[in-house]
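In the two complexes that follow, subunit A is the common piece, with subunit B as its partner first and subunit C second.
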Partner chain A sequence: MTLPMQTSFTQRSIFERFPFIPALGILAVLLILNGLAEPNSLSFRAITGLTKTYLALMFLAVAQSFVVFSSDIDLSVGAILSLVNVSVVVMIDQLGGGPAAVLFACFAGILVGVLCGIFNGIVVVALRLQPIVATFATGILFTGIALWVLPVAGMPVPQSFWRTYGGRILDIPFVFYVVALLGLLIWLAVRTRFIIQLMAVGDNRLAAYQSGLPVTRIRIMAFAICGLFSAVAALCIIGDTASGDPVVGNAMTLYSVAAVVLGGTALSGGSGSMLGSAIGALIIGLINSFVFFVGVSSEWQNFAQGIAVLLALMAGVLVTRRISK
Partner chain B sequence: MKNSTNVVAEIAKTPLVVALGLIVALLVLGELLSPGFASLSQIMRLLIVASILGVVAAGQNLVILGGREGIDLSVGGVVSLSAVVAGNMMQGSDAGIIPAIIACLATGAFFGLLNGLGVTLLRIPPLIMTLGMLGVLQGLLVVVRNGIPSGLAAPGLAHFVTQPLMFGVPGMIWLWGAIGVLMAAMLKRTLFGYRVYAIGSNENAARMAGVPADLIRVCLFMFSGMFAAVAGFCILGYSGSSFSNVGAQYMLSSIIAVVLGGTSLSGGKGGYTGTMAGATLLVLLQSILTTLNIEEAGRQFAFGATLLVLMLFYGRGKALRG
Partner chain C sequence: MPRLSLEGVSKRYGATVALRRGDLDLVPGEVHVLMGSNGSGKSTLSKIIAGSVNPDGGLIKYDGSAVTIPSPQAARDLGIAVFYQELSLAAHRSVVENICLSRLGKSRGVFRNRAEMAAMAEPFIAPFQSVLGDGFGLDVPVGRLRADQRQLVEIIKTLAANPDILIFDEPTSALDRAQVDCFMAVLRELKANGKSIIFISHRMDEIFEVGDRVTIIRDGETVSTSALADTTMEAILRTMTGEEASAAATADTAVARVQSKGGPAKLKVANLVAPGVDNVSFDLAAGEIVGFGGLHGQGQSAVLRAIFGVSQFRSGDIEVGTAKLRGKSPRAAIHDGLAYVSGDRARDGVIEGRSILENTVPIYALRKRLFITSPRTLGEKAKAALEKLQTKYQSLAHPINSLSGGNQQKVIVSRWLMAPPQVMLLDDPSKGIDIASKTELFRVLRELASEGMAILLYSSEDAELLEHSDRVLVFNNGRIVRELRGDERTRYHLYQAAYEAA
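Let's turn to the complex of A and B:
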């Protein structure tokens, strides 16, 4: 004896627990479309290549999710990525380029990312500035530092770095281990008390404050974690491009926001899914490859991609809203 | 006595006064750093650059005033596209000016209409709708540029933007002044203006009072597109020929100009006079940093840091324990 109301309730709670399901649907459709346009695009090799290229955006989208959950936004993630990118490349070079130097530089780079995030947090939360304009300003500041660290693109990293990133361990491409690690981190993160507090803060800041949550600390933490994941994205970019570039990430900022929305997270905060954001990044990648494979002439490609991303964004918003109604 | 000091203190704290004070201070600083910085011809050149940003910011200002997280990230795309369309249509001849103006305005209005319909009919958040539209516009820019590699500004347009028109002041600055007066009149003296503030501060109340909120919001986005198109048209006159993605820098700087001018990003509060001061302040700041003759790195760093300090003057949120 199942009452209809109960069924709809169960359906709703499934979508509430897994808000990334619509994104997964779009991903599946895009995979099929890609396969129809060019069967080779679903080969192991091609999927590995796609992952290699879009891994950085996946991390950046997950980074953006944390601040979006608490109803903030970080328009400096791209600049943080650039700053970490050049910091790591220059540090490896200064320390001689050995394996120890590479490891040390990676950890130091992650620390740089976290510090940038904390700075953002203090500016937005403690000084109470509006996140859109404040993080745009801090982004300019970070770009300034990145240009000071490395004024022009260049300076290659040691072979060991990109050979590892593009290589295989036990016959499985290295990037898939990183994807698995990202999945594990997300799996662990959603089980923490912090994420529940973060959602509470994003859902209703005043209520969260009145019920005794340390709202300021939680929001600054979200910015710090955002900086951390942006730094990891920077390491992925180095693995992919094998060199430093002080403005490499700046164009990625808006894509990170788009990926978060495609993943079924509302910009108003309080709910959403990190896994969805990672899927959102892959959706952007698959749209780009589909437009390429379907044979759109080169000058129309950007336009077709733009239209497809816009439609996917709109569909994402509409589907997410219908489900949460 | 106490009352009058309070009034003075209140006036001194308004964003417009702060921005104007900072503008004067920066001009003095610039003159000290490099004599001739505050000369009349230099100020005119600064105002031309500021007027282009100011025109983009006019549309941005309207969308932000309309509330419901109103923001237009697509203005940069419209500016670029309009500059290229205008250049391609004029090809350096004065006869092409009128058709180019019409084409630019129609382009801006069209994309503004799409933004507005997405935001109202489908209730897509403005940030997402205009972000997606920016991608479409950038793609379209590639298409249009591939057709005809580069266009040239008509001499008449270049003259209007850069050369003195009346009393030694270039036409572009007159145009900006006229837009300033019209914006102020529209916002403070017309029914439309009242309604913009009404939906910006409390949309539900405005709807219940019979304000056609959706229609007004669509109009605001169309205004934003058209102002961005006018700015792109004028940039072509300023630079002489259309080049790639000239509008990208206006996306966020137009929002910053609005915020520095004292308009709240939450809508319903502010006006265009402050935004004009904000745009001037922003351009002046960049110009001083260029005058300082430091490297790109230091310039960016100083620009970002100064913006943060400026924002501390106004636009701070309320504390939770209020």
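Let's turn to the complex of A and C:
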């Protein structure tokens, strides 16, 4: 048979296959800019430090991607992160702080994240509320619980926790293993049947329903996975800050959305790239460090960051538009 | 024993009955044609079988035992697959992913397997091999395909579900002759394999070519099922419309019809091409009301929206009065003397939550380029316009939402009358409004026409369309296929033209 069996290379443009390419370009530009502003910023040490700080945002951006793919949005990811953060810290403290306690608390924390995600999913999908408003509200709710669990920031975690996170295994920093793990998870996730269904739901919800897909279940699953990744982001934050803070993640929510968009994913759903979201998180990190290295005075840092993020978004959008023509 | 039978199935939406009594029995190895005029309930009936509409009453039997079909998923599990007219494809996903979409959840394994999916899809693509056209490929995103290719993908997707019952709702509208032939061959093969097929089409030749039996639905009730071999086109049209071929236009038409005065052309449309519109040309004279008829969604609204500049892409020449239409936006169209009233008030008409005054004056303000004005002077003019349609409202300051649907629509029409346009484009204007308002609306329209306005009217209600139009242009698949004048303006002729049975 001479069926249309050409390889996918000729049937899909390179940008259709790898929507994160513009983000990669922006990342490269920012690396160069950072290098020009402060050559030391490209040292192994500095890159390790940057990764350490922005690993949580990378996980959070990947978390956000799942719901954005299905044409939803989760404005409670930061609050989930905060809640998991304080839950884990308090649990470790209550259980005595031994290695077993740390492990148990981590798993319990991930469970908390998943439960928060399922709760979001039920509120948005089963009760048919607007995701942007509903998750805004559940986010406040989660923050409320977090404040009840640990009213003020503090309560250090055992040395073993942050020593591991900041340490090295076989002379390679621990965080790079986590980055590799994230990469592997993304590599696996894009190869699942689930992601095709998820994208189809985001592309055209009615069509997916009419095709017999369990749309409700798929969307709730997306929120649950989002909760799971947000919880992992919380563990990274604990590793980085070594203590609990009931509002640590709240400011990160919209950064995660920005990272998703910077990574080449459309908020309208149905297409995009998780790897792009992770790169988007790094872009935000590099923008912040660039603004710092250039020596912008502290009162103008926000202003400069805003301009830079805007420029990055414009560059990404313009490139994507040019390509899709 | 029939494979699927529906007995007295009904569905109502609020006060309107979509389907009063639907009966249908489907046996293995047949192509069962479903026919009915607009709003007769044939699409409701097929949606009930597809699981996307849940019936209020009646009995559905599958292989002799009663079943419910609460969702499309449940329908799939029963072995029912549906070709959706508006297509059920994900634009960013590849052809093969779309084809296999509904089976993804069923098969084992966590990971996708492109080779497996391709192997699954290929036997279903093979019959269409020679007519797929350029740019088709398993990994091409569906959004990049042409309309006919997308329709083929939807067909293949329906086949790939391996169902026992297939529902095809207008599956050939975008296909060319060779593609239709391939599809017909596939239908015959399905039939030979004992599958049951429900076929909805607006093409009489296709219906007679491939159909075995025909069930006709009229006004929400199944009126007959017969073998196509034993019946004729005329008999089907008679049953469908409940009219004889020779029957003249409804005699009791109260409105004195002004014969077209052959006045100067107010609107000239030549070779209009737009989404859903395929090379449409016609003239509209001053004082004329011209109706757009045919089965729903054959391009009637699309033409009106294209003329008004709502659709982004269009080609062809449009002249209003004696001047060419300049821009391609509603704003330009308004300045050139066009008006557009839609039945979808929420989308195209009402400014939600704002006062009646604000809802009445925007067009006037735009056309007169008002910069600063006072509510008092504007209010007087607005009142006069509202008065003309006998709009009932408490005060101009009340929000528009406080009015009934009928009065809201009167406000929208008044909006245009404050600065009278040359041509009014009416896109199902009486949808969802009460009888009294309808009567009032059409009285005023006739009055406006007699004063020299030219009016294009699309109505989803055939009776209304036939009664109020001086002539009717019948649409089929984006083209005008026939013009009905004088005594030809009957439901019978309308459907004869709509089914291309002439």
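Here is the rule we go by: the second predicted complex is superposed on the first by the 312 of 325 C-alpha atoms of A that agree within 3 Å, B and C clash if a C-alpha of one lies under 4 Å from a C-alpha of the other, contacts with A are read in each partner's own complex, and residues count from 1 in each chain.
Note that contacts are C-beta pairs under 8 Å (C-beta built on N, C-alpha and C of every residue); 3 or more make two chains touch, one makes a residue touch a chain.
The structure displayed is predicted, hence computed values, not measured ones.
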(request) Have a look at where A:Gln159 lands relative to subunit B and subunit C in the superposition and call it first, second, both or neither. (result) neither
(message) Touch test for A:Ala207: subunit B only (first), subunit C only (second), both, or neither?
(response) second
(message) By the touch definition at the top of the document, which applies to A:Gly270: first (subunit B), second (subunit C), both, or neither?
(response) second
(message) In the overlaid three-chain picture, which partner chain does A:Phe194 touch, first (subunit B) or second (subunit C), both, or neither?
(response) second
(request) Answer with first, second, both or neither: which of subunit B and subunit C does A:Asn40 touch in the superposed model? (result) neither
(message) Taking the superposition on A as described, I'd like to know which of subunit B and subunit C A:Gln130 touches: first, second, both or neither.
(response) first
(request) Using the touch criterion from the header, give the chain among subunit B and subunit C with more contacted residues in subunit A. (result) B
(message) Based on the A-chain superposition described above, do subunit B and subunit C contact any of the same residues on subunit A, and if so which?
(response) 206, 209
(request) Show which residues of subunit A lie in contact with subunit C when the two form their complex. (result) 1-8, 10-12, 16, 188, 191-197, 199-200, 203-204, 206-214, 270-271
(message) Can you tell me which positions in subunit C touch subunit A when the two form their complex?
(response) 50, 52, 71-73, 75-76, 82, 84, 87-94, 97-98, 101-102, 104-105, 107, 109-112, 118, 122, 125-126, 129, 132, 136-141, 157, 161
(message) For the complex, give me every residue of subunit B touching subunit A.
(response) 71, 73, 118, 122-125, 127-129, 131-140, 142-143, 146, 252, 255-256, 259, 265, 295-305, 307-308, 311-312, 315-321
(request) Write out the stretch or stretches of subunit A touching subunit B in their complex. (result) 75, 123, 127-130, 132-134, 136-148, 151, 205-206, 209, 215, 254, 257-258, 261, 267-268, 299-307, 309-310, 313-314, 317-318, 321
